[in-house]
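You will see chain A twice below: alongside chain B first, and alongside chain C after that.
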Partner chain A sequence: MASGNFRTCPTTGFKIHIPAQTLIQTNAVTAIVFLLVGGILGLGMVLTRWQAVHLLNDEWFYRLLTLHGIAMLVAWIIFFEMAVLYFASAIVLSSRLAAPWAGWLQYVLMLGGAALTAVQILLGNADVMFTSYVPLQANHLYYLGIILFAVGAIVGCIVFFATLVVAKTEGTYKGSLPLVTFGAAAAAIIAIATLSHGAIVFIPTWLWAAGIIPMMDAEVYRLLFWGFGHSSQQINVCAMVSVWYLLGTLTVGAKPMNEKVCRTAFVFYILFINIASEHHLLTDPGLSAAHKTWNTGYFMHLAVLASMIHAFSIPGCIEVALRKKGYTRGAFEWLKKAPWGNPGFSALALSLFGFGFLGGITGVVYGTEQVNIIAHNNLRIPGHFHATVVAGTTLAFMGITYYVLPLIFRREVAFPGLAKLQPYIFGIAMYVVSVSMMFAGGFGVSRRSWDMNGVDGPFQVNFGPIVDMALAIMGIAGVVACIGGAMYCIIAVATLLIGKKIEA
Partner chain B sequence: MSHNPDHAPKGSFIIIMIFFVCFVLFYLLNWKYLTDVWIVG
Partner chain C sequence: MSVTSPQPGWWNTPLHKEEKIWITIAFVWCILITLAMPAWHLFGTQNAASEYYKISTEDFGFLTDAFIEKYTVGEDSGVPVVAPPAGADIFLRGQQWGWDPVLKLKQGSTYRLHLSSVDVNHSMSLLPMNMNFKAVPGWDNVLTITPTSSGSFNLICNEFCGIGHHSMNGKIIVDS
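For the complex of A and B:
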């Protein structure tokens, strides 16, 4: 049912603001395009790190690794988060979106920035990898692209907060913000701090690359860069946890067991999660040893406490919801009878397990100062963050897409049989990729390196056959994960093009 | 939260305890590994 600039969703009863819907659609589709690009590049990465294949030459490996990092860690995730922010504000609160023109400004800046950066990388003007550590220097347009992207994302966050004000002023909801919106607000607060770091660090670096200022201090760069580079992944954590709560509600009708505790956990994220960024600076001279130990050995665990609260709260509220449906036998009947054929639920469960057991445990241990010293520059760390960002966040975002397609795009999901399988293929393959990377890293296999044996170096490093086996397993699982990612893209595109229309 | 004992999240509590044990074991394993490569004294 449509009225003026709004329509009413027949399934959820949400009043949907049409300009907000269009912006959600545009950001989500763009995100999926970047996921597709990043996934194809990821295939190149695993087929090169798999020593028996070693697909790309060194030049193209580092070039495409740079683009893989930007496309996946920045573009895919943050475009999708913009869609999540607009959904969690305008749609969940049945409000109009404040200043849709600013939403379009966000989109144009982010797309223009991402495209500019990507073109510079492909032209070979920015073989500096994701971290672009000074004094490595890219063409100044590479940095300008990232600045435009960061400013665009900040504009998106401002539109989100302005929409919360509009919703409160116009009385579209009563009482406190829903938990999903509260979590999205926490993500947006972290995003503003994070993206401001990005803009602040890349502006002088851009001027330095353009020849306007004579030097860029390497230590200052690293300090500020990690306020952007790692903290951008903390936006993901917050947005992903919000999506988990939303999926719990949509799939089994779960309600938080204790909203106050969950909200407190989100506040802990805002206060403490960025401290985890410091593990990138453990060998840097600018910070004292005591400072490093306190941050990575103690304060960081307050953010871990928040994750522990969600780790119990989310399966707990799903269990309570399923027990209320009558699945009360023993400790695990609810788990056996859970809707495992619903791709939204299976994506939620696999994402929760992958993020918590594989990404969370390893992240806390590897992030501690003493262990980090021997883990940071080998494949254990990419193994950890492929569990968090890919098996965790990406899979959760894939799961919510199966609800966004009918609710926002008003199309029935195409190929439902394929959709049931997709989270399993992608999720389990990513588990194997992550574990095999961490296993090989435990033997000292370096990260970000085309040549792990040092063939052209002053001395050679030889690894045992078990390392080759681990890298082969990583390569095979990586190919399977790419197939799972391609299935997701095919389902999403087919739904948009040939999916049966849902009248509303 | 429901006060019906049949609705208490017992299964989730067990899963979280398994998670906690995995956490402790992985922590210990890494510190043991650290002592092997970083010998003091």
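For the complex of A and C:
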């Protein structure tokens, strides 16, 4: 390899492969653009669900809700994960990225796919929500876009694994993989497995929409869709947990307490969590109770064990690191003296709490057979996943961005004062959004509904003032969360445009 | 560091006492909630449905129409009201965008409710109880129900079923 293709990072000492760096930059910037788009749509969502405001009309609410789901859960998260995969392989291992051209193939396929899907939604050809349950039908190009996107993501995972092989054979590291890379590998394994499974769902659906084959049974679709749709959320969990360990190291120099325990927990994710997907089907016909309880009970709880292990091990390694710095008075001096003003650290802490307590616990509770009867498809569900995938994953990714900007983009973070506040504003507002959604859902307010009072329907439905209040709180907190998200986008863009260059 | 390779021999590093205690607690808890799932099903009285049949949407529509014809007692906001006898097989049809018929039931009597859809996925949400069950085209979701309180209850749809989704509602009346 020409050494001209590498630079050495002055702060971390990593040898950075320039093509890998460019790919990380491109994927991360694209992710942030989707976050911006999705965030603007999120504003439209909360301001419509807050019935006193009722901003959008019904048609555009449903259309943009479909786009919000795709832009956020699919595009923002997965583009960012591609950046994480390239970082955890090429950068962390000081290796060259295997086949940068394949990295660009990943990028072009994902971008093209996302654009195709988004355009179909905006044209009004795909008012089906991201779940696209048959027999609701979108234009076949919508499904094609999703398929291209998934193929792109699989290519990215292959580049990741090829880079691990390159690093091993070229001897850029000694011994076992670092934990962050190990966790990313778990994410990539789950990604390849689940995205290929996604093909089993989307290719026949695409052919059906194109008029080539008959429709899949509606319940079979739901089973296959969630077999992929739920399991693929474990990509996010693994990527997020890896980012947590990475943030622990970057912010306070934390060192995993016991490598064996942390790694075994990642392996548990691969082995077990894929099999909890039937908690989406608990009130469905077509599966026996024994089948449902087995799927959502035994296997899910071993994966929960993995999360419980990380939930101990991450705060634990931070405590150890801070005590080593001399904060040893009493039980909690380390916590008081933790770098709360460092946005990487506060994002880590808020993400950990939001994911674990608000998201994790509600997930386990709503996923039981009987409780699901009173949770299925009401606002409790978006309340749950805005805690996991927004307050958890999204916030963790925001936190790591504050390190990626100087390390990979070689710019000092612009507006450091704003950056200090950003995780608090976004994270705490998102907690409130989640909890108020769960609260309103407790009264039976439906998810994905433009109007809860039965307008245009035969009967009127009244929820009472307490629900109006919950939705108002959700609305206000949602606006604050959008401001927090906008702060993040502004800081990132300003850093790229006007941030002080760091010379290496 | 999580970004450097672990020390050789990391696999044999013993666990700290606190870690052992935590993992034990977590493991025991996971086993307990795992056992709680079947236990709750066996000893609880309110379970998700596990009786279901495949049925074509035409047949389900046909059965619902026959059911409505047999037991209609009136009309409410354009939706037929039916009063089936206790113990009967009763039908609730999800359709873009409404639940029909309006069911008039007796408190304390038991019914076999057949829930399905004749077009896309819907989901029946009974308010204010907030109980939710899926109506999937091609599948008869059979719920054995016994109303325990009387009054008029709203049904809404909480699965997205097209642009009129929010307008899809219905009613169950329970006489004491």
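A few comments on the model shown:
The rule is simple: the second predicted complex is superposed on the first by the 498 of 504 C-alpha atoms of A that agree within 3 Å, B and C clash if a C-alpha of one lies under 4 Å from a C-alpha of the other, contacts with A are read in each partner's own complex, and residues count from 1 in each chain.
Note that a residue touches a chain if its C-beta (ideal position, glycine included) is under 8 Å from a C-beta of that chain, and two chains touch if they have at least 3 such contacts.
Here the structure is a predicted model, which is why all the values come from computation and not from measurement.
Within the superposed three-chain model, A:284 lies in touch with chain C and out of touch with chain B [touch as defined at top].
Between chain B and chain C, more residues of chain A are touched by C.
When the two complexes are overlaid on their common chain A, residue A:416 makes contact with neither chain B nor chain C.
Once chain A of one complex is fitted onto chain A of the other, the partner contacts of A:356 are limited to chain B, with no touch recorded for chain C. Once the two complexes are overlaid on the shared chain, A:258 sits against chain B and chain C alike. When the two complexes are overlaid on their common chain A, residue A:331 makes contact with chain B while staying clear of chain C. When the two structures are aligned on the shared chain, A:312 is found in touch with chain B and with chain C. Residue contacts after overlaying the shared chain place A:10 against neither chain B nor chain C.
Once the two complexes are laid over each other on the shared chain, residue contacts for A:222 go to chain C alone; chain B is not touched. Looking at the shared chain after the overlay, A:364 reaches both chain B and chain C.
Residues 257-258, 312, 316, 364, 370, 373-375, 442 of chain A lie at the contact with chain B in one complex and at the contact with chain C in the other.
If you check the complex, the residues on chain A that touch chain B are 257-258, 311-312, 315-320, 323-324, 328, 331-332, 334-335, 356-357, 361-362, 364-366, 370-371, 373-375, 442. Only residues 1-2, 6-16, 19, 22-23, 26-27, 30-31, 33-34, 37-38 of chain B touch chain A when the two sit together in their complex.
For chain A in complex with chain C, the residues that touch the partner chain are 12, 58-59, 62, 92, 127-129, 133, 135-136, 173-180, 217-219, 222, 245-246, 248-249, 253-261, 282-290, 292-293, 296-298, 301-302, 304-305, 308-309, 312-313, 316, 364, 368-370, 372-378, 442-444, 446-452, 454-459, 461.
Residues of chain C touching chain A in their complex: 1-8, 10-11, 13, 15-16, 18-19, 22-23, 26-27, 29-31, 33-34, 36-38, 40-41, 44, 46-50, 52-53, 76-79, 97-98, 116, 119-121, 123, 125, 127-134, 136-142, 154, 156-171.
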